[in-house]
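Labels A, B, C and D are assigned to the chains in the order they are written; within every chain, residues are numbered from 1.
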Amino acid sequence: MKVGVLTGGGDCPGLNAVIRSVVRKGVSAYGFDFVGVRDGWRGLLQGDVRPLDISSVRGILPRGGTILGSSRTNPFKHEDGLRRVQDTLAKYEVDALVVIGGEDTLGVATELSRQGIHLVGVPKTIDNDVSGTDYTFGFDTAVGIATEAIDRLHTTAESHMRTLVVELMGRHSGWIALHAGIAGGANVILIPERPFDIDQVCAQVKSRFMINYAPIVVVAEGAVPREGQMILKDQSVDEFEHVRLSGVGEWLAREISERTGKDARTTVLGHIQRGGTPSAFDRWLATRFGLHAIDAVKDGDFGVMVALQGTRIVRLPLTDVTAATKMVDPSLYDEFEVFFG
Amino acid sequence: MKVGVLTGGGDCPGLNAVIRSVVRKGVSAYGFDFVGVRDGWRGLLQGDVRPLDISSVRGILPRGGTILGSSRTNPFKHEDGLRRVQDTLAKYEVDALVVIGGEDTLGVATELSRQGIHLVGVPKTIDNDVSGTDYTFGFDTAVGIATEAIDRLHTTAESHMRTLVVELMGRHSGWIALHAGIAGGANVILIPERPFDIDQVCAQVKSRFMINYAPIVVVAEGAVPREGQMILKDQSVDEFEHVRLSGVGEWLAREISERTGKDARTTVLGHIQRGGTPSAFDRWLATRFGLHAIDAVKDGDFGVMVALQGTRIVRLPLTDVTAATKMVDPSLYDEFEVFFG
Amino acid sequence: MKVGVLTGGGDCPGLNAVIRSVVRKGVSAYGFDFVGVRDGWRGLLQGDVRPLDISSVRGILPRGGTILGSSRTNPFKHEDGLRRVQDTLAKYEVDALVVIGGEDTLGVATELSRQGIHLVGVPKTIDNDVSGTDYTFGFDTAVGIATEAIDRLHTTAESHMRTLVVELMGRHSGWIALHAGIAGGANVILIPERPFDIDQVCAQVKSRFMINYAPIVVVAEGAVPREGQMILKDQSVDEFEHVRLSGVGEWLAREISERTGKDARTTVLGHIQRGGTPSAFDRWLATRFGLHAIDAVKDGDFGVMVALQGTRIVRLPLTDVTAATKMVDPSLYDEFEVFFG
Amino acid sequence: MKVGVLTGGGDCPGLNAVIRSVVRKGVSAYGFDFVGVRDGWRGLLQGDVRPLDISSVRGILPRGGTILGSSRTNPFKHEDGLRRVQDTLAKYEVDALVVIGGEDTLGVATELSRQGIHLVGVPKTIDNDVSGTDYTFGFDTAVGIATEAIDRLHTTAESHMRTLVVELMGRHSGWIALHAGIAGGANVILIPERPFDIDQVCAQVKSRFMINYAPIVVVAEGAVPREGQMILKDQSVDEFEHVRLSGVGEWLAREISERTGKDARTTVLGHIQRGGTPSAFDRWLATRFGLHAIDAVKDGDFGVMVALQGTRIVRLPLTDVTAATKMVDPSLYDEFEVFFG
């Protein structure tokens, strides 16, 4: 049996840990051969495929990023994409794929699986928004980095009695913002799942100042103000466009400064949330995902994704999990309302 | 309603986060009054009880340890213990207790609950060995610290081509050793649940050297060699006693040195595993445990412990969870065997 | 003897460590009384002064920020500023001040000292640009945080083969950028002391890609392109203004993307560089500065600043050190040129 | 010109950073060829020498340990040692050596230099006890790790109101203990340079408890009680031997427990102080040492060691610096006495 391994989408701490455990168990326990596909689906489109063995995965467990490279290439957006993927697999005699990726990558995998390609998916995203799994690896690392940043901002906020806005990753879901905001003791947490009311945000900020506390506002990059909110302040479309450009964090700090009369500053945490060595939790999860993914290959159980449910790793049909993004449940968000404002 | 909060047993990162969320929600959402009980059950035995309000819990979320102090006092081992506890509760008009502790503390809570005292338990231990909950808070922090230590030891081991033995906490269960060992890329992981064979350990060590790798051996403090193992080596009782004294880590390093002919050293990580700021994961879990514990008090749902199952917090009867310690499942340990040796 | 302590300017890890050691030694060794001045010079202008004793400084050594608060208030920009400062000192019977601050705060201190106020300065700034001292406290912590961020960005850059631009603090001097850039293995380091040539930056970026490396560009927020550089690209003043607005990091990423044809992204590290617990180095330095500052007060040696020279703490006349900012020496920058490009 | 690089003695964070900068500058600026000598002097004795080029040093800046391996081999303790070293250098046509090591390694280098071998020394040791240089690289990393450990122990000590003893590295000098102890807010710091009085230690411990503080005792592994101290307690020689065996930290905890009647525990930090990624400070220092060492080779300035004085790197004759170990100056230790007890 020859197995191809690929990593797609944004990089994420733990990718190398999955690759390592897939190869270690595949070789040692099952005697499989492996090839590494370069840069996600691009490598299958262009035939960029290289041997992968135990020595290739030596020492990579604690390293961020992916030794295979990654890309956002989607074969179905290329002419003859499917056929070219099939040709590459045939040429290199690849019997099955382990596909490590987030929503987009797994969506492609679902379609390829429907077309008869043998593959097993592994959910990866710092955003934690893949359905069917309690957590994706990479998420815990991102939350840890964001929480440490919030810890640091508290002392600055208090020394100067100003509001600090922290913009975290999360275009479609607020998992990182909610977890890091709660862990970091934020007073306002804004997430895409729940359009916010800028008046209420400012009221919460003011109430913190009244008890001599400097507020920390955590905002996911995809959070938006309630419909109509802009018009109430009589802002032009240009202004609105500018908001998109400079980010919701910058916009919030400006609004809060103006409306509360107290200085507010923004920090956009950016790419440092997705790089560097994975947390122990993510190394554990990624390692287990890899072991179970190669077991599924061994069992010929294709078209599935490995997932974490409680402390167990299970297999779920890809068609089930890629149908919808996993959003923050309103009741979970509401659990924390005593901390807001 | 007046609620007492106490923390018992060894200190653990996240205790303060629980105290904070219990008090924040109890006061803000339910209008409860609170008292803090000093040093676990000792405070109830001796009437050492103090007011606790929102200002007392300000800023404690990221702080390790417990602002209430802790002890290993067991009221049932003191004459008139139960009555003295009841007297203290009556004197301070405490209607219910939130009891934050590990196996021993929750065992006492179970008995007190049987005697009619209104209380809700919160599972706490870096050892992760409380039944009914996927994880206890404190565990993730301990695993993180241990993993970082193992990361550091790899470079030393490789520079000198010697074996490094790391002794981690875990007298009765191997959760920390297993998680940190896997996350840190250890080659041998020894846990109390599975008596080890020193010959096999040495064989694994040698096999690493043969492929030019320096082995890392992770051992829980409660791990023991197989019965008879000592006699085979013809060691006297005195020697055996000395092993207990100096720890299994020291003993292993000596045996490995002698039997492989290559230098081996031990690091005993000790108390740094249980101190300092909690990880983001533990702050999240501890905060949620606190919120749900005070909800149970509000609901008059006593004699229960809050627990994590998947991503949900549930309530379980204390009598169920304190009946048995949660050990590492053999099948979980076996999942990782491709990494050993 | 009654001594006032104040902290001015931006907050900085280590401020609390200075306050603690000043008070600990002042009380224990010399029997001094202390008051804390709130929010830098503002407290002296407005008579906001509070008692400060050993119990107030308990536990603050590892905490970032300043328990005294800070501000950028300059008494000489307020009517009657000098007299109001003198009045406050007289009212509270303050015999001498320990003034902890950066360039601006120490500049005010220099002038107040000329006017006869008894004070001793302690140099503080994450920017490291105070003359006469090898290092200021806060700098090592900022460099450490920035270096860890660069480490994280390497894995992202390599996984996606893109350029990552990191904008670090440093409006007038490039100390943080140079130290963190070298420690983090950056390929391009741009500092205010040396206007950069965008063509050369792009050439360096391209040369990294050619050897299959993803470039990291570190830029101090105050770095600027060479005069004329903009005109060559025929950019309007508006564009130039926009650059100032969105920051040099954003501008660089856009230019590099356009000119090299490869994706480039920016991370602006921002306020997390100045918050949180101080590094061991900064705690050591801040503690020693505090001890020596109170010794100078004891000796009646006023109008001086404590400074680090090698491993010794010395006293320098404030008039000498506040005359000029300490810039990065061109020869130091040139030491590292083999790493650039 | 062909240059050999070797690393000797205990591993130390920053070794790889020196190797990298020596090779990067040697190749890029001067066109030198390089060989790496395996495992310190052992490689020269046994002719274990391999090519070293820019690709070999790629990505090693943040990695602890040494890619060249290390050992404590001393060629002068082997028959014909000098001649065998000379033969290896001749065989591989090595014109000059860059020798990176601590006291022992540099002592050998001094003697080899006297015998006419062209070499430049780079001071390395986490112990910071090399004369002539303000700091050695590796020391800052070790102090940082030790300080973080002390931070963690504070919360445990306070939660249980017990004494925690931390044993740090330092057989002959107390640099790590003094720096980490001060940075970590220890109440007692014991160093080899100053034999301690156990009665005074216990008095300091008790005085902390009286103000409701849990004491932290930091002790360098080489610290010893005052002469006669043992006899006063009527301990047998066997007991004394056991102390050596189990370490001064264990002994202290036992004595403190007995004499104060309060629980005391020990943590021996061990090898984690010397492994893992170097701090930003150490990467900066190691990188500069490497650059200046290869400059000295270029200049034909042999028999010297590079050293840090203030912020400058200087060259000192090896014969001067290896004559004596750099001990902690009594006046530096006394600076901190207000924090003790």
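Just so we're on the same page, a residue touches a chain if its C-beta (ideal position, glycine included) is under 8 Å from a C-beta of that chain, and two chains touch if they have at least 3 such contacts.
These figures come from a predicted structure and were not determined experimentally.
Engineer: Where the centre means the average of the CA atoms, what chain is farthest from chain B?
Structural biologist: Comparing chain centres, C lies farthest from chain B.
Engineer: Distance from the CA centroid of chain A to that of chain C, rounded to the nearest Å?
Structural biologist: So the centre of chain A lies 34 Å away from the centre of chain C.
Engineer: Just curious, how far off is chain D from chain C if you go by their C-alpha centres, in Å?
Structural biologist: Each chain reduced to its C-alpha mean, chain C and chain D end up 30 Å apart.
Engineer: In chain B, what residues contact two or more other chains?
Structural biologist: Where chain B meets two or more other chains at a single residue, that happens at 151.
Engineer: Sort out which chains touch which and give me every pair.
Structural biologist: Pairs of chains that touch one another: A-B, A-C, B-D, C-D.
Engineer: Would you mind writing out the residues of chain D in touch with chain C in their complex?
Structural biologist: 21, 24-25, 28-29, 58, 61-62, 134, 140, 143-144, 146-147, 151, 179-180, 182-185, 213, 277, 279-281, 283-284, 287-288, 291, 309-311, 335-336, 338-339
Engineer: Please give the residue numbers of chain B that touch chain D in the complex, ascending.
Structural biologist: Listed in rising order, the residues of chain B that touch chain D are 10-11, 13, 15, 63-66, 69-71, 145, 148-149, 151-156, 158-161, 164, 246, 265-272, 274-276.
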